[in-house]
Structures are given as structure tokens and as C-alpha cells.
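For reference, chains read A, B, C and D in written order, and residue numbers begin at 1 within each chain.
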Amino acid sequence: MFSFSLTHRVAYYETDTMGYVHHSNYVRFFEIARTELMRTAGLSYAELEASGVMMPVLEAHCRYHQPARYDELLTLKATVRETPVTRIHIDYEITNEQGLTVCTGSTSLAFIDAATRKPRRAPDDFVRRLDG
Amino acid sequence: MFSFSLTHRVAYYETDTMGYVHHSNYVRFFEIARTELMRTAGLSYAELEASGVMMPVLEAHCRYHQPARYDELLTLKATVRETPVTRIHIDYEITNEQGLTVCTGSTSLAFIDAATRKPRRAPDDFVRRLDG
Amino acid sequence: MFSFSLTHRVAYYETDTMGYVHHSNYVRFFEIARTELMRTAGLSYAELEASGVMMPVLEAHCRYHQPARYDELLTLKATVRETPVTRIHIDYEITNEQGLTVCTGSTSLAFIDAATRKPRRAPDDFVRRLDG
Amino acid sequence: MFSFSLTHRVAYYETDTMGYVHHSNYVRFFEIARTELMRTAGLSYAELEASGVMMPVLEAHCRYHQPARYDELLTLKATVRETPVTRIHIDYEITNEQGLTVCTGSTSLAFIDAATRKPRRAPDDFVRRLDG
């Protein structure tokens, strides 16, 4: 299991008329969290893409527990529980400053060759570091 | 069963470095589709909110089948299969001009009282029209 | 002078806590309007990009006159007043259903070669059609 | 003169097919910068809004100098040069890790009473802190 957390300050443009973070933005917060999880696991997604590997999202799921509002400082946590082979499954939990769960969810991503856009295996180094 | 479809032209700002519609935007396309489904069912969400009822999203799910690119004309289809009581479940299918499925998904939304932010039943008129 | 108008229904995700369309979105609405202006002038931006020409934005300006809210049907109007050479200047006016001006603005875009990312002249066909 | 800088990591969803940060996002980065400038000046915008004052944007201007790409760490700098009375004018400069200017711009915002949506003066405390 490999986990990483970071904080995110809710911007005004991420809120809606209800006064809440628009629900679509949590899928974006998941992306921020997995970018930083990957960097911590020694594989920046920018470098990965530069090396010819892309990771399109196959599936995303969000469950909304509590609303979040403008200027709240959220904690975005991403967790990889299983060693990736040709796909990686990542779980997310977003909590507020009171420690309440705002949103939970998950994404599945493929590893593909950028040139051919065909599936491929996760880079060995990345797998080793996640298992580390 | 109540269905509604409309088209959506992919904007440049909806795409990402991969050259695809960013996966978070499909959750937004679902929202566009259900807004128009509700209007067709005689209950505009704007009027509903003005009358003191809000519909926060409880859960969203997306499965990505095919990428979509800038300027493609997508068809957004929303379907309500079950009569809503205190929640409404909506299914979505997004297809491209070739008729290929780009994305499928679903959302569950609650009906809440805007003043108290407590759950309430779906407005009778809306239920009647969906059952129509 | 070459003008084009289309309508845009304000989505919930385009609003903010103030209950207004977030001001950043007007820059996006300008893009929607110039995409359709270009298509009408016989040069789809998607085709232009496929032919190896890109049009990065050099400058953008917005003046906000009236707020717009969720579900309003806005009219997006784009106007080209001068024949483009290596740059194109486009003016915008966004009005609501009451005919009130919501936002005015302008953008300047360059024509660049996608491969070299160097400036180039506007395609002849496009210039001819704008001059109509 | 009152200045504040913070860093912002470019997210994948902020990029477009050109591989660049979409130009509309700089208007959003300006907002992030002024939120933090205001907090540093002792007046969080969230508290201001809670106290019944809103600050709608009247005008925004952006000049794009260099493209920025996914995962770049940008520095967002906001500067107030003149004491605000009923409006506040803020200048922005966004630079990349090489110290190159990516985008410059400015915004003008009004102070309005949230209840009446009428103009009002900038809160005294805020003015005093900006004048330092």
C-alpha cells in the first residue's frame, strides 16, 4: 500500500451557485492527488509522458459526503493498494479542516504507448517503488 | 422511462495535453444533459431552485470508452429509469458522430430544502411528468 | 467586417458562490464564439490545426457589465473588423435575453506554424472569406 | 505598494490540445493570487463575504508572453499600487521556473454590499493594512 496526501485551498472558481465546490471538481482534485503520489513514488507523470507513456483514465467514481465551500483547506489523499500491471487503481479520500470526509472515490487508469496509443505494462521502476 | 438527448460541440478549453476531452468534463456534460431532461419534463432546475429546492449530487460514476477531441459534435443522452422518491438516479450515454460510445455513467441526486438543507421528496409535478 | 452570433445556455458549473457566471468563463465563451465565426468563414479551427497552423492567444480583455446567472440563454457575438495579416483581432459582445450587455471584450491571436512554433501569415483562403 | 507571491503547480486539466495552459486559466490564477494577497493583508475574502461585502470583477486583462505546460511550477504575483476607495486595481505577473514571464495582467474589482448589491467603500481595516 502506498499513500500520499497534500492540501488544496478551494478557489472561488471551483464553487457554484449552491455555494459548494462543484461536484465535477473532485475528479480534478483526484488528479492533483495522484500526480503528487506518482512524483513521491519517483515517477513524475510529466516525465512519464515525455518518455512516451500516457495514462488515460478508464473509470472514475465519486461519492459526495459533505459539501466544501470557498477557501476551505482540503486534504487530498490518494492510495494505491494493488501492484499495477497494465492498469492502476487508485482510491481517494478528501477531508476538510474538521477532519470530516467530504468526498471519497476511485479511478482506474491504463498505461498506453503514446506513439501507438496501444496498452502496455506499467514501467518496472514505478512498480518497484510502489511495492518498496 | 424518460430519455432526452442533445448535442454538444467540444470546446478547446475542454481538451487537455493528450488531445482528448479531459475526463472531468464528462461529469459536466452529464449535468448539461440532465438540465435539459428536466426542462423537457416540465421542471427547469432554475425554477426548482427558485422555488426553494436544491438537488446536490450524491454520487457520480463515469466509464470512458473512446476519447473525444476538440470540435467533435457529441450527443449527450440522459435517461431516468425509476420514479424518483427522495433521490433521482440518472444514466448517461455520450456518443460521437460515428455513433461510437465515448462515455457512459450515472449520477444520484438528492432533493433537499434550500432553506434547511434537509432532504425532502421530489416535487409531485415532476414525478407525474416523468411517469407521464 | 465579419460578424457571427450564437447562443449559449449557462451551465451550473459555470456559476460561482456569488450566483453569477464566474468571470473567467467569459474568456471561454469568447473562444466558443470565434470557433463558430471561423467555421462560418469557411475555416474550421480544427481543420486549420490539422493542416499545421495554430492560433495561440496573445492578449485578452474583458469588461463585465451585468452579471449572468445559471440557465440564462446568452448571445455570444464575435466580430472581425480588420483583415488579419500575422495576427487577428476579434471583438466580442455577450448579451442576455433582455438584450442587456453582459460582457464585452477582445482577443488578439497569432498565426503560428505548429511544427516550428514560429509566426506565419493568416491562410489566404481565410483572409479572402473574411473580406467576403 | 503591497505585493504577494505564491507558487502554483500546473494541473493536467488546466492544459489544452496545444499542450499549453489554456489562456482562460490565467484569469483563475490571478484570482488565486489576489485571494492570498488579501489574506496576507489581514482580510480574507471568505470573511469579507461572510461580513456582507462582495467584490465582483469589473474588468480583466491578460497578455500572454510564454506558454506554460503541465507540471510547471509557476509563481503568481499580485500587486496593489494604489489605495482602493470604491474599486481596487490589482496587477499580476506570472513567471516560470526559469524566471521567464509567462503572463501579465490586471483586474479591477468593485466593493459591493451583498444584500443590496450596491457599491460601497473598501473596508477601512483593509485599506489601512494595504497602506501599511
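Here, a residue touches a chain if its C-beta (ideal position, glycine included) is under 8 Å from a C-beta of that chain, and two chains touch if they have at least 3 such contacts.
Computed from a predicted model, the values in this text were never measured in an experiment.
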At the largest C-alpha centroid distance from subunit D we find chain B
The chain pair with the larger count of contacting C-beta pairs, comparing B-D against B-C, is B-C
Per the C-alpha means, the centres of subunit B and subunit C lie apart by a whole-Å value of 27
CA centroids of subunit C and subunit D: separation to the nearest Å works out as 23
Here the gap between subunit B and subunit D, centre to centre from mean Cα coordinates and rounded to Å, is 33
Where subunit C touches two or more other chains at once, the residues are 12-13, 17, 24, 28, 31, 49, 69-70
In the complex, the residues of subunit D that touch subunit C are 17-18, 20, 23-25, 27-28, 31, 49, 54, 56-64, 67
Contacts from subunit A onto subunit D in the complex sit at residues 9, 11-13, 28, 31-32, 35, 44-46, 49, 69-71
The subunit D residues in contact with subunit B across the complex are 12-13, 15-17, 19, 22, 24, 69-70
